[in-house]
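Order of writing sets the labels: A, B, C and D. Residues in every chain begin at 1.
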Amino acid sequence: MTVRVGVIGAGMIGQDHIRRLTDVVTAATVTAVTDIDASRAADVAATVGATALPTGADLIVSPEVDAVLVTSWGPTHAEHVLAAVAAGKPVFCEKPLATTAEDCLRIVEAECAYGRRLVQVGFMRRFDTGYRQMKEVLSSGSLGTPLIVHCAHRNPTVPESYTSEMAAQDTAVHEIDVLRWLLDDEIATAQVITPRATGRRFAHLKDPQIMYFDTANGVRIDLEVFVNCQYGYDIQCEAVGESGLVRLPDPASVGIRTAGGHGTAVLQDWKRRFEDAFDSEFREWIASVEAGAEATGPSAWDGYAATVITDAAVRSLESDGTVVTVDMKPRPALYGGTA
Amino acid sequence: MTVRVGVIGAGMIGQDHIRRLTDVVTAATVTAVTDIDASRAADVAATVGATALPTGADLIVSPEVDAVLVTSWGPTHAEHVLAAVAAGKPVFCEKPLATTAEDCLRIVEAECAYGRRLVQVGFMRRFDTGYRQMKEVLSSGSLGTPLIVHCAHRNPTVPESYTSEMAAQDTAVHEIDVLRWLLDDEIATAQVITPRATGRRFAHLKDPQIMYFDTANGVRIDLEVFVNCQYGYDIQCEAVGESGLVRLPDPASVGIRTAGGHGTAVLQDWKRRFEDAFDSEFREWIASVEAGAEATGPSAWDGYAATVITDAAVRSLESDGTVVTVDMKPRPALYGGTA
Amino acid sequence: MTVRVGVIGAGMIGQDHIRRLTDVVTAATVTAVTDIDASRAADVAATVGATALPTGADLIVSPEVDAVLVTSWGPTHAEHVLAAVAAGKPVFCEKPLATTAEDCLRIVEAECAYGRRLVQVGFMRRFDTGYRQMKEVLSSGSLGTPLIVHCAHRNPTVPESYTSEMAAQDTAVHEIDVLRWLLDDEIATAQVITPRATGRRFAHLKDPQIMYFDTANGVRIDLEVFVNCQYGYDIQCEAVGESGLVRLPDPASVGIRTAGGHGTAVLQDWKRRFEDAFDSEFREWIASVEAGAEATGPSAWDGYAATVITDAAVRSLESDGTVVTVDMKPRPALYGGTA
Amino acid sequence: MTVRVGVIGAGMIGQDHIRRLTDVVTAATVTAVTDIDASRAADVAATVGATALPTGADLIVSPEVDAVLVTSWGPTHAEHVLAAVAAGKPVFCEKPLATTAEDCLRIVEAECAYGRRLVQVGFMRRFDTGYRQMKEVLSSGSLGTPLIVHCAHRNPTVPESYTSEMAAQDTAVHEIDVLRWLLDDEIATAQVITPRATGRRFAHLKDPQIMYFDTANGVRIDLEVFVNCQYGYDIQCEAVGESGLVRLPDPASVGIRTAGGHGTAVLQDWKRRFEDAFDSEFREWIASVEAGAEATGPSAWDGYAATVITDAAVRSLESDGTVVTVDMKPRPALYGGTA
């Protein structure tokens, strides 16, 4: 069986995922596309032989759509995801699940009412080989209980439209999700510190930012977010346990010795860094849809948690580095909780 | 358009490639399977909804087959590849192209007579990211002219059926192909030395072996083949140019510090080492078939060259390390030569 | 000229430095030794042909002593250093300069009154090749202004006598000194956080601890102090600037591939980690004494600063992680300040 | 007791060792200096308060000289070493022990007649921490029997006076000595191959050269000698055993990330690479002299072996890469042999 996917939002990310579903994921085919810009929807649909539909609502209920991919503008995510849940169709929503914790919670509640996981959120790092190796090592217990995690998330530069809040919402949100999963633990507090700012940024931006998170189990996380580091896209993660540590590898790259130095290239582009993870993410999602199984990737609850935690980080940033308690609802049984 | 592939030989490698064409390469579908064991052909065909056919000849001429994949027993390769060329169909042949230089040459001549490249040989390393980065660096000229290449090809262990000749024919053959491509140069001499043998081998086997190759341009290659090295599957390659060197990276893997040491795992399995390369190899092959273009991967000529060079290496092994001149025909124009 | 050194305190560290002055530093000779335990002083003095003297006061004024080394019990440091300054003799004092900020300040004032630097404090990391390379890179400006420093200081285990305060006083104090020097900046605040404690510690001890320091210039420092990390003695330091970062190297050690892994040993012993730094520290100190020059190593002011900053860290630890402002006097002109 | 050293030859290397004996090795003092250029001898002697003597013969018999250091022009080594042996004084001779195998043998015979080791040859790599770690690992047996060793010896450039023979005599000789020691094995054959030459050399020079050595136990050694590699002074050594390998580490150096790359510096200067080894070499030599013990460093026999093996390599070079058998006398009992 081939899974027929309808795509809501045909912008850059939507097009990239359509290419992935078409060229990389053998078990999927894109059958319908919609976009706020109807001509763009038509153009993109034509490239893969899909039907352009007027609205997300039309697409979700289309009998030619088995599963829905939401890659539209963030503020519209909640509406489409809720509609997909109402239609009982599997839905993959690019991050964020919704732009407010309230909307995330509405989705969680709708899904709980439906009684079965339909929603997967696009946190791709859980599908990265390096993080998966880290999780395997941590889960094996060979390093004892985790105590501390050191992270860095660096971009060469960001455009002027990137705001100080986006350091949490768009950048750190990836670490927030992957660390909750890696540690199998919940984040309880958030704090954002702004050290000396780099001169190589737009004036309105606080960069770098350092974020601290404490988990329910007492693990301390520090995360350097530095989005104008100039030298490359560089993701670092080191988890320290009672009897050892495990560190995310740098991507493999040829070593060169010339002109007095030994060197390897640092990637410039985040897409190449997690390209394989994106591929695995969609392959596994489509496989679960094909099998009629519940998604095992990041859930609506994970999307809710990420939003609540990034909200807390933003509040800390806005209040000069106060430690902000993450105020999360009890976790419903559908997501392994007791509520 | 989906490329319909017929597969000749449904053993372990055939099945792995069928899985790849089905699950990984979106633009391909396996429509026909044949095997010397008809029941195996039937079983394997059934798993992917393909037709089981009695013989390779039947499969090649089937109107449901656009392109042929030969993964049968080595001695049968030549017959099937020649038939595919005769039928004017693109054919991907797992290494070796043929078990004798004479048979390889017959294929080369047939293809030249046909006037267009139809044959691709299964040397997957040209599709490995690390080797491709090496080629990019070498081709850029930033390190000057290449002068020396140091290589190692190590396996944890080999079964008793592995013979001393297979060190050249099955193991070194990968370096032979990838180095010809990497250097854009031809191998002119071969020599095989047997140092002290490891105690951890079957008694009939000469292991390790060290192979030396000189290229037409005077580049010196040394290659350690050690197929019972115990510790892992480890591929090393370092090319030294006039002003620097470039080295193949080890696969990325988490670093672990525990119990007095810092460590990373070494792969045990060659399939995982080149899994991505295999995927790219087939994706690119299918894309070229789909586009009606000539294959750009390893050609029949490359398959011929590899066989002639491994023959020379085996003759050196059998004559106690004599330097053996590689006796190759002039390269036809179809393959960029002048003959 | 050979510098004649008198040593106050013949315990383990004193004996190690006596060995160093005797066997490693060619331009020095130990001529006098004293210790609270007179028989130990006699025994140790005998091994190097020195005279055992009854008290530090005797030793300092001895005409056979050109320079004084203080390696006695911490609470006695101030008394001996002040006496050496009063005698106008160069004095090398193992850390801490004094156990209270007040006593440190008395030494600073005495030295300022004397009008010339006589005191050097035993912070050996400034003499480590790796840190010196870091300083060279940072000072060159090639990475722009420093913004953030990430550090870790890990020991395999500590004895039961090691207290929670010692994490700042005995362990972090090395980073405190070396970072002030590396950044050429002053530490303005200190905060100590205690994440989940390791199970592998004595119950009274808070371990690990994470320390944060902000400098006058706004650089943010995080320092993991983990003194029961089990796996080895491991010192990490990474300074992030506006256009790049520089990282302290791990000590060079053979790489070994065996049994499925690639590994290098991690040192277990802090003495071996900084052995070369200790040697350079004493060679350079003796050279400055021999030349009649002022010491260029860590000054009395640096000893004072380290004590004030560790006091602030201990106060933060005792007040559950409050951010504590470092209350330091203005820096006198003798130490490059304006007071 | 301080060992009083007389130095024959006050050129660059002699001066460097005089500095070392004066500033680094506490237990030694240079008391006499001679040189073919009497005024240079006088100048250098004056810097360390030593006496300038007219000839090596005078120096060797001087009652103020306990031990002799020979750093004169190679062709004069044999004469001075023989005189020192005749005088029954410990003598450290910079490589080569003598410029001909015959002269080396005369020294060996003289020492055997004397009945006790007096001679140490200046092969400093045996004192390098990395090579010592390699030896420890190999001797432990944890990697099984050694089978293969891969080496590279690269210099940025050499002056016009450097000849093709010097690749063996001056450059490879270090590997020849350290590998005999590392493997505790004797070299039985030598072969020198000249691949494509680099364009960045003086026209008379064959560069790079690749040398192969087989040991008595069947270990195969390959050694790339490339003295105009441009990028740095780079020493590589990897020993492959039956169940794993061990690799010489690169010198520790800060890692820098900037401008799209991660890099570390490669040393340019061989002196810095082995500076610590030189220091240890002389410290241990002086300690053995002081203790009245036999030297444990490279012996006259090792000096003889190195000369015979480099002679074989030069003969191979001169005969277009013929494999040349190393024709060595039986090893006398004084050096652990049976002759």
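Definition applied: a residue touches a chain if its C-beta (ideal position, glycine included) is under 8 Å from a C-beta of that chain, and two chains touch if they have at least 3 such contacts.
None of these values were measured; they are calculated from a predicted model.
Of the two chain pairs examined here, A-B and B-C, the one linked by more C-beta pairs in contact is A-B.
Repeated interface: A-C and one of A-D, B-D or C-D share more than half of their contact pairs by residue number, and that pair is B-D. If each chain is reduced to the centroid of its CA atoms, subunit B and subunit C end up 59 Å from each other. Distance between subunit B and subunit D, defined via averaged C-alpha coordinates, is recorded as 44 Å.
If you average the Cα atoms of subunit A and of subunit B, the two centres end up 38 Å apart. Residue positions of subunit C touching 2 or more other chains, listed in rising order: 230-231, 243-245, 250, 257-259, 264. Within the complex formed with subunit C, the subunit D residues making contact are 22-27, 129-130, 133-134, 137, 142-143, 243-259, 264, 276.
Subunit C makes touch with subunit B in their complex at residues 230-232, 234, 250, 257-266, 268. Taken together, the subunit A residues at the contact with subunit C in this complex read 144-145, 147-148, 150, 152, 193, 195-200, 208, 210, 214, 217-220, 222, 224, 226, 229-231, 240, 242-245.
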